[in-house]
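Chain lettering (A, B, C and D) follows the sequence in which the chains are written, and residue indices restart at 1 in each chain.
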Amino acid sequence: MQLIRFGVSLPDHLIKRFDRLIHRKKYPNRSEAIRDLIRHTLVEEEIENDAEIVGVLTLLYNHHQRELQDRLGRVQHDHHDRILSTTHVHLDHDNCLEVVLLRGRAGQIKQLADEIIALKGIKHGQLYRTSTGKNLS
Amino acid sequence: MQLIRFGVSLPDHLIKRFDRLIHRKKYPNRSEAIRDLIRHTLVEEEIENDAEIVGVLTLLYNHHQRELQDRLGRVQHDHHDRILSTTHVHLDHDNCLEVVLLRGRAGQIKQLADEIIALKGIKHGQLYRTSTGKNLS
Amino acid sequence: MQLIRFGVSLPDHLIKRFDRLIHRKKYPNRSEAIRDLIRHTLVEEEIENDAEIVGVLTLLYNHHQRELQDRLGRVQHDHHDRILSTTHVHLDHDNCLEVVLLRGRAGQIKQLADEIIALKGIKHGQLYRTSTGKNLS
Amino acid sequence: MQLIRFGVSLPDHLIKRFDRLIHRKKYPNRSEAIRDLIRHTLVEEEIENDAEIVGVLTLLYNHHQRELQDRLGRVQHDHHDRILSTTHVHLDHDNCLEVVLLRGRAGQIKQLADEIIALKGIKHGQLYRTSTGKNLS
């Protein structure tokens, strides 16, 4: 990997506000903050274009439901080739959060997530999409 | 307004992907694209911090509803100090789209938008938030 | 249009929170609030599936730029078949907000919006997508 | 927990589209789909109101960076009272994804996430927010 350096010109007023933001967000310097903005916009493009993505599926449910746990296990096994990992957190006496990491085409991942979220007993489910990092350097 | 120039360093692979994006989005050069990314992130911060914003409220409804039109008119007049303009577009025989531009604190604008969206007969309403431009140069 | 009535069952705790939300958002009743939630999710699906949509493009710029205004006019005329209306608001001495309503396939609208946002002199541009209302009753 | 049943009326055209969506998303019945829509909107409200939330922070980075790993470990230990768990996935030879689950007020969580995302070497970081489930039944 080679670093390429080039010049950017910004109005002074804009750069003052940007520097304050950088400071608040604790970036070490402007380059790092700008790299982050660029990668962020590239990731958004990837997701729109149905490229291969990582899905982060959060599932909130009451863990006193044996049947749901069984069904969750089954659907995850049926799609084991798309599931990277599952993390389980006990939020309180009743609630647990399960975070399932998925990998595949944006469209496929959405379909699988929809199927899981629709399971009876899931209080709240949400799918977030991020990059596989393959094309980000 | 004064332009300030500074150097940014990016990995070559990242810059290649960024240049392709710039080309696809037809930016004249990297500086312009980076300025856009910076302003975009500043606007997002403004909105989160309940600063003064511009709200863009889209309302979709069937225009054969006299009563709704009256009520819409009334609520807009009650808040005329926050409403910049209203644009009305006839989408087809039945549907019309009304776009109301609002200005005020993020929280106030949301409350007013919620009230309007909740009116009986509105098929679909959505509030988008953008910047007043005051702090963007 | 015919109304169909059916029963929904909700846990009492959930219904209490929902009723508070309905009250805060000033919905006349639960049916109206539920209709809104359903239409909202249908609109999100439309946009994902590249169906025909309405685009709301907000453009913020300094109006002392004759050249930008000319270019903006030109690009809008080139695509007049996709542009429903343009609203112009004077935000302060320097800034103006232009809201362009567009209609077409989600992908086409995004491409056109990208092209406009990339014009030199646009401080901030953002595209929001909503429904044409055709399939919402 | 007690189930309460009430009637909802929907235009026939809207219910047909909703039933298709329910079928596609594999919900067992309309009640379950409507409960999901209601919980989803309640979670969005929670997050806006700076209530206690769960944050899901995804971090993408090249694992050949010893220094970054050390710094990541340190910042996580400094805030151990807000961190529920960390999951690490090896995406390919170079990239790894770390998913950090956080818990706290929406504002605090955002600040901590910003600090971590800004670390040199993080390719891409994103914070998603979801509910603690406490007020969802």
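Heads up, the rule we're going with is that a contact is a pair of C-beta atoms (placed from the backbone, for glycine too) under 8 Å apart; a residue touches a chain by one contact, two chains touch by 3 or more.
None of the values given here were measured: they were computed from a predicted structure.
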Worksheet item: Suppose you hop from chain A to any chain it touches, then on again the same way; how many hops at least until you reach chain C?
Response: 2
Response to the item:
Per the C-alpha means, the centres of chain A and chain D lie apart by a whole-Å value of 8
Worksheet item: For chain A and chain B, what's the span in angstrom between their mean Cα positions?
Response: 25
Worksheet item: Touching two or more other chains, which residues of chain C qualify?
Response: 39-40, 136-137
Discussion item. How are the chains arranged in terms of who touches whom: line, ring, star, complete or other?
Written reply: ring
Discussion item. Could you list, by residue number, the parts of chain B that touch chain C in their complex?
Written reply: 24-28, 32-33, 36, 39-40, 43, 54, 56, 58, 60, 84-85, 87, 89, 91-92, 94-95, 97, 99, 101, 103, 114-115, 117-118, 120, 122-126, 128, 130-134, 136-137
Item to complete: Within their complex, state which residues of chain C touch chain D.
Response: 1-15, 17-18, 21, 30-31, 34-35, 37-42, 45, 135-137
